[in-house]
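There are two complexes below, and they share chain A, which is joined by chain B in the first and by chain C in the second.
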Partner chain A sequence: MKSDGNYKTSQRIIVVPGELIAEGKLKIGSGAYSVDNRIYSEYLGIKSVKDNVVSVIPLNGKYNPKVGEMVIGYVENIAQSNWMVNINSIYPAMMLASDVPWRVGSNKLQNYIDIGEAIIAYVSEIDEVKHIRITMKSREFGRKIEDGITMTIPASKVPRVIGKNGSMISMIKDLTGCRIIVGMNGIIWLNGEKDNLAMAVNAVKKIDKNAQISGLTDNIKNMIMEWKNGISGDVDE
Partner chain B sequence: MEFLVMLMSSEGAVNIPKLINENGLRIDGRTTEQLRDIKIDVGVLKRATGSAYIEWGENKILAAVYGPREAKPRHIQNMYKAVIQCKYNMAPFSVDERKRPGIDRRSTEISKVIAEAIEGAVIVEQFPRASIDVYIEVLQANAGTRCAGLTAASVALADAGIPMKDLIAACAVGKIDGQIVLDLRKEEDNFGQADLPFAMVPKTEDIVLMQMDGHLNEDEFKKAIDLAKKGCKRVYELEVEALKEHYKADMDNTVTDKVINNGR
Partner chain C sequence: MADEVVTTVIREKILKMIKNEKRLDNRNFNEYRNIEINPGIITSADGSAHVSIGNTSVIAGIKIETGEPFPDTPNAGVMTTNVELIPMASPVFESGPPSPEAVEIARVVDRGIRESKMINMEKLSIVKGEKVWIIYIDLHVIDYDGNLFDTCFIASVVALSTAKFPYKKFNLEESANPSVPVEHFPIESTYVKIGNSIMVDPSLEEETIADARLTIAIDENSDIRAMQKGFSGVFKEDEIYKIIANNREINRSIREIIKGKVEVFR
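And then the complex of A and B:
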């Protein structure tokens, strides 16, 4: 097997499926499996070792939902008593008429949420054959999206957009004055004043592109500051 | 046999051509244990979840992967694992005489064996009820397309972010002029004595595809398998290199972005 030393980029090591990533007494995180005390990668991704846990962060791939996570999705289909919502995962998620904050009764479901409209919801249940259920009820953010814009990034890059303890996302919010909600499935809702909104979108795109480099929060901060100074400079002239 | 040769040869030669010369080299100058030149490109199709393009000698093959996605129609779903659906197709212009487009016996067979080979490496248990769709399009053929196609499909699967125990490497072995050789080209396939397409999971050396056309005795067969394994390991190295080079280049490009570097 070829040594992975040649393929380092910015302290990140690219691994391919089946590549030996660690040996000995380390814990196995996500995206890895072990045979005889040797740990191999399952994905094409970036190797990460943290607190004796070896895992692989996939570079591509779809969102893998977990119960309790907030997601943003688009309604794909409407049946008698439920919506089917595309949440960027392998399987569409089902939302029953009883999972919305309104009393639907005998009304048509289209009157509340129509096909193509976006919602913010929580994953409430996943069974063993991966039937996913989501709900908009009884949580802070469960609601229908009426304004602003949505954008999509790979779900594996969401932790970078949020940053450590939310440092990245709160920095972008503070500097641009936009309201931003990041769904764990990689769909992001943003709303704000036109130029600021464009800047926030650019910032997120930049994070998506450069997710593997370190010191990203400072870079993004500089980028936004530079742009802000540029604008005020224009006003002075 | 002579009748066949007369049919096949455009010059009307009656003799079976000599496939290995006095120096032990083959008609394209390779030694008996040498692969043809292989070039793999990753992520060539933007609409597919993952894709790869392979040039293996004079073979040119595109592979695209979609999914995993919910399997449709419903009755093909498996409650315990993902189903792999593979479609191998040859373009009408891929061979000397125009191939009638569409599904035929040969492509159905190859699709089936490739799908089963892929199932040996992909961790299908992670995706109940889903399907992973693999499309292999042969643009130009020169023997060994099922091996080249499977190799490309394996790279495309990795590119699609699908979990696998290992990549799959494939290559053919055969017998020409009484000798066991690696990776037959078209003339060798047509006039040789045996052709044995072979694919394995390199790490465990599990064999996931093996077919044989022609005759080999037991010793020859063992020798052929050993040679095929060697060939597969070489193919595997090329796959890993192609994937890493692609993603390394991808990342380096973004790191050198001007705005981002201002902060350092």
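And then the complex of A and C:
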């Protein structure tokens, strides 16, 4: 049984759930499972083989949290001693009153972070049934977001927004002069001047839409440069 | 819809941009998002359409059967509208019996079509007082990103105007023109008020923070056929007159897009 009928977009192969993606002695990465030494895909996504590890990167979907990753989320609900934070995962994450850098009295949680307010935090704990705990304490990024804007993209496309060794994100930062923080969960915080901010948002949206295309960094760079030239051209006239 | 949370930074950004007559996605107040219309995407239905406004996307299916008319209108056909807000479309939609939001959308869409006399109900009669056509409009929300009213309404209008009577299925004599008798062409537009600004086609964020909402259905002569006010905020009298005057201009271009698509498909 060979897996025919793969749809090829340049060099990336798109696979469907249950499709046979490899046979033999290969290690199983994320998004793949094995039955009788055969490896099948778990998601609709792009197959990748690296160092004898077969994995499938989903095309779309919610964030699958991992301990230690930085996430951006917003408070959806407040209870006696904890906040429930939407981190673009299938379940909301819990943040206890003791997980923030301030001393918080009980029943006064909304004075510190209210419903709708966004925070930058770290995933500190995940148990067997995917109860997620996040913390803002004792890490460099744990803080509340007071300005700028947030936007959400599928978590699987975060690596494309960051690029190889951060090439994509630093290019957007340099050209637009915006400050950008990409949460591993697909929520992105951006801040900058009016038009530059709009351009940075457009760039991220374009990456989200064209994530499977190769040579995307140059593509985005051209887009931003064209826009920049357009603006200076307008001023000259 | 009630449980949707918008981050405070986005809320503040929207309110700030509104002061400069701008919106979060760089539209102006009288501008719709990109409208895409695909009639006839379900071949097994008697009429169908997939319509998306921005990221909001809805599939409408028309099912036509024969049946008995209601005793108080023996010569008129029957039309029912149903909206399904399935959990796939948004994390805030729950499965189970229709939510109040789903019922409201179905009622507003139904009213817009019925009160504009889009379909001549008398022509749906087959045998007077005994047998009529019954039209079911089923709307499935595929993706929710604000403004379900307009998306559902356009989907229903397109699906209805491309629908055909299934004569063969019910052993009836085929007519030369099997199309559903569409006589008017209504369009519905939804406006929201945020602060003191009024804008058409609200996105999910705008809809969530809006104070008041107004939906207007007008026909091809720009006559108002139906209205629905939502949320707890208020409109002033002159604001409503302003919306109505604006609405005629905005709807003209949308009507052209829809009519073009329908005529090509027919």
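Note that in this section the second predicted complex is superposed on the first by the 229 of 237 C-alpha atoms of A that agree within 3 Å, B and C clash if a C-alpha of one lies under 4 Å from a C-alpha of the other, contacts with A are read in each partner's own complex, and residues count from 1 in each chain.
One rule holds in what follows: a residue touches a chain if its C-beta (ideal position, glycine included) is under 8 Å from a C-beta of that chain, and two chains touch if they have at least 3 such contacts.
If you're wondering where the values come from, they're calculated on a predicted model, not measured in any experiment.
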Chain A: partner with more touched residues, chain B or chain C: B
Chain B versus chain C as contact partner of A:Y33, first or second or both or neither: first
Touched partner set for A:I213, first chain B, second chain C, both or neither: first
Which superposed partner A:Y43 touches (first chain B, second chain C, both, neither): first
Chain B versus chain C as contact partner of A:Y91, first or second or both or neither: first
First, second, both or neither for A:V67, with chain B first and chain C second: neither
Sites on chain B touched by chain A in the complex: 49-50, 67-70, 79, 121, 123, 127-130, 158-167, 201-203, 237, 239-241, 243-244, 247-248, 251-252, 254-255, 257, 259-260, 262-264
Residues of chain A touching chain B in the complex: 1-2, 6-7, 9-10, 12, 14, 16-19, 31, 33, 40, 42-45, 58-62, 90-92, 128-130, 206, 209-210, 212-213, 215, 218-219, 221-223, 226
Residues of chain A touching chain C in the complex: 74-76, 86, 114-118, 145-150, 198
Residue numbers on chain C that touch chain A, as the complex places them: 5-11, 13, 26
